[in-house]
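Okay, here's the structure, questions in a sec.
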């Protein structure tokens, strides 16, 4: 546990290696947070839920940090004002991390049993924040007219992708949700049964090339493909392409964490909204899969071990500097069968985010506090290049509003069978 | 068919009997339409989809009316500007109705078979608009400081309501959706199977009295009960009670289409948003039913014939003047078992509005055009005092955004069984 | 006085002769009011300030009308909700006028001396509302895709306009403001002295032709001519021409109260904002006159009696039906010298609207209540085709926000002399 | 010139001595800019208008900096996005300053005559930015819940202020504006004559104590004192006191650049909007002075040499570290007669910001570019604790929108004499 704790906490710091103090101070939109805030917020969780509970006479690092860095309802700062807190400085926030880490490491030596699951929850949340850090910094650097790279190393070219195939599944009674014997988030519980009609699902994600064909066919201006809300969003935000596509001298490019590159038609399309994913699917005579169809399909395949993320190996992770990471979708393998479920991009599903049926309405805010957001959000399944190891599993439920694009979000098609 | 046509079209006119020209000219919010627009829009449907198709050399009443009164994407006026069209006048719109009615009646004498279902769709849509007319006029008159009554006749007092009971249902495989042999809207198709876990559902709707207890317990300011979006909506709109509740000299009243009345604790609570319904359910240690649970429950009971709306009887409807109508929820009967499913108010469900699984994504706008709205909307089931006969059935799906309150919307609780 | 009262009150009614109940019920934007509201508001003034004060035991027509139809701070309805008050109906508002008129006529027979000036103020205000009624109804009908005419009679063609001349004035000490011996509004007081540097002022207003040259020269997109706020307003509102100009099949037209007409290059440009007037002046190497320069120039000329409005002649006014009115700017006469000061359109001045220097700050809201609006407004001088007789004088101060266009607003140039 | 250049440029750097990289990276509202941007923007001016023009073959430090740091219309970044430019880093911006300073110092050795006035303009603008830097950093630190001090040294207590006296001035022909023989901004030109009626003007500014009496008398909720726009602004922004007043445990405090202090009733009130100044004046039975009355009064007194800022003395300035500065209004001296005209706070005048009469409308953007903002702004006169030496003179015209409060803005009363 001590080693896991240190590895994960260190990985958060690793992710900031190429960032300046300024990069870590500002937020580029209300939905994003300053990196400095991420460093502090993840630390706050351990102070409030682990140290304050399980360490006798624990003295908080600073009494005001709770107000500044919590996300509890009511006492925290408005999200869009997080960048205004220039003090405490980054230096002080780093000291906060060290202070808390030392106290946690001391506690771990003699860890009460009740503290184990809370500590695990804190680490899982920290890892979720690692993905957010990458998407938030991408959004910030992406507004910069110089297209600065977060990682200087260039990307490998993507391999040529085979023609998309729709694979048919019989459906029937499906086991959905996590058995709960190992760690999972509360929204994956309980395991329960859902009845599925027969359906077909694409063997891989949609590529930039396929999406470009949609654009070139006038898809963005064709009312037939768009939900009413989507058409309004598109018009109001003047959306004409995925978030990070840039047309420069009439040539499409894509801004990536590795810098600006010419659009690679073999890579999966990324950073599209639910509205765009849904419109593309309709244009293609298909639809998005439900989250249950997705989970059923993911469970039905023999995992492609080359694509599936490995179980977190502290040693390996510890040595993995950011400069060695590939933080842009690379594309599908040429293996046959269902693939690319846990790599490259999250996949929009047609499912609105809601509780699983046997979970009763809760009257207390829970530690992971998912339920409060269960309205007007859509479920994403799988995982992306920014997802930490251990956060890709068939039951994992990510969720966002329909207009969201700054997460690594892509498209897999499905179709009903009659 | 001729008689049905005349009866339904006449009923639309009947609903305007107590309205002034001004009442029919304005709209009180973008979501509502002027009554004059309703009169014209319902007529436009018959002109465009029946007369223009099936009557040789049919001359439209006025070429510009299509732009003014259609809801086709692109060519119509912005919804919030409908009241600015003071010309054509109400008188001209009435002539438009007469002109079209005469042409349809002539066509009906010799109705091509392909026209039958289109005509039926037009009449069904006209009836949906009748409910909208009542909710729109209620919203307009409800903004008036004089609380004018739409119907002068006073309401009967409500009977005392028995204690709420949660009835347990076993669930299992449930048939959901309309068989499609008689008329239904496309969103009720196809009939398909869904697996349900065991659940309990309330035998009746929540009353004003029960909802008042929630208010008096500080429910509106207690973050534990509210979805994040709901809490924000409530704060921004300064919501403290259902839409038409008015506190006058410290006494709660309710504005109804029969005028302002003291709040009757036995009547069902009405005009609440999804957010309020959801918060009330959480406060009550319960949740809202899914639309499938609702339909399963509605199918499981032997219909209480006193409560269930009768099959449309043209003769009866023709003679039913508005002045004889009761347009405010009256409350549950004292019968035992599940009741009040099709009366009084629509009921919010926990289900996001989406296609049934075997419906493929459509590439053409259909006549009823439901699919375009299938995002960020929640399903309502049942029917209200404003719902025309024939629009209450177990498979009928109404839908609204989570913040909507001007429809007759109420609450029925459910609970999972472990 | 009785005759003047009746004539002016009747003229308000005359202006509604061609309007439907619907035309009078709605408002096309928050700045405009429904015509029905104008009818009631002008009547409210006489009830509140004349009848309630000077008639013993006077019973108000309806106690709630004060709340509905006053403009007193605090107790009135939000301006943008005026159209929602569909009840009282137009019929009831007409009865209100008759009721109040009868009571005032009875009072006039024996009018207390203190009541005279209040009555006069009420009539002056009613006349100001008459101009507003014309601009508000023009704005409403102007949103209608059919371009309905308020007056069916066509306009006379405009005469050819002579080349614009800049006439030089020496300036020096100028008497500004009204002597106060006859009626004036409080913002014209007191008469005081202002020192003016030498300046030149145009002998007539800018024409449509001259303004079209500005458009055709790319004036709307040329940052050199625009105030920063103006450039932002223009971009946000997508302004490309005066408010009622319509390009139809590539030909410029102008919507007028007499219907849509091809743009007449000899008529004065009308319905431009301060921003547009200021940008046009800069484009022309000139500037707008200050209100003092304007008043000085207007006082310096021997009035052209053909252009100057006559003293209000009740007999003449009484017989002047709306159908005989010309309600669109007709253009400059061919007389030499300064002209067109009180006809056709109001003229934007460079002067921010503020108190004259010797008026002390007031601690009580006054009857004409001008001072509350003395910020971020610009003074207009002269008068327009919609201005009632008696409201055009050299000292009269009209005012609007810089972005306003629905009033009859035009341009006269000035220039400093070095 | 070399010494002046170095002193002023160094003073900008001095002002950042106590700031962290983060403090300099963010902006707290669209009207404010990041300190880093100020450092770069002032440098850009010398590069573009001095070096690029007068140094043969000058190579810009970086071609993209013009886009990032200019305020030219069209090519610059939206103001509210300035904080998103985290790269170039502060380090690089400092290099930019050094690079440009070295080139300017080399040029100064052999300065072409035409370059002198441009260089002077650049330095004057840099000094204006120094004041903005102080107000922008105050606004940022003022949002921080910890109330961090910019200068750690505590403030001297303020001396007791004598009762306010209104001093009467005869008015008459007044010389307004700058003679133009030494440096001034274009908006101070030309010197011209204005006629003034007799008026009285307060001998000192309004104090916190006097303003608190207005608050305690319910002044913020009393419609009698407020302009309509002001009342709306106050309600919408929920304004209840000057910008930096904080009520803590029922005791008023004031946030200052020296940290949070208990409200000192003898100091001048500061950080009020035009609306608040105007309402306070009306509450006091007075009004704000016009800018001409202010200038006339300032010219009429024998300068109080203790209060008047000295002519810029490079030696003195060079040695003046920020830690020695007093950056909060200290209060009036006890001298008799008019005083406190150039110290403590700017003073709102009743004058809308506009060109002096003999300045022709310009067709070219000028270097100081004042004219583009001449609408809906109000003139401030005098100077504040944040104003650099040399920027306080009787003819100097500062200006802001009526709702602005983050500048050091205060109140002096005036009154007309009849």
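Here are some notes:
The chains carry the letters A, B, C and D, assigned in the order they are written, with residues numbered from 1 in each.
As a working rule, contacts are C-beta pairs under 8 Å (C-beta built on N, C-alpha and C of every residue); 3 or more make two chains touch, one makes a residue touch a chain.
The structure displayed is predicted, hence computed values, not measured ones.
Common neighbours of subunit A and subunit D under the contact definition above are absent.
With every chain reduced to the mean of its CA atoms, the largest distance from subunit B is reached by D.
Here the spacing of subunit B and subunit C, counted between their Cα centres, is 46 Å.
The mean-CA centres of subunit B and subunit D are about 59 angstrom from one another, to the nearest whole unit.
Our note on geometry: subunit C versus subunit D, Cα centroid distance of 39 Å, whole angstroms.
Residues of subunit B found to touch two or more other chains are absent. Here the touching chains pair up as A-B, A-D, B-C, C-D.
Those residues of subunit A whose C-beta lies close enough to touch subunit D in the complex are 20-23, 25-26, 28, 36, 64, 67-68, 77, 81, 83-87, 89-90, 140-141, 143-146, 148.
On the subunit D side of its complex with subunit C, the touching residues are 73-74, 173, 192-197, 199, 223-231, 274-275, 278, 281-283, 285-287, 290, 350-352, 354-355, 357-365, 372-376, 402, 415-418.
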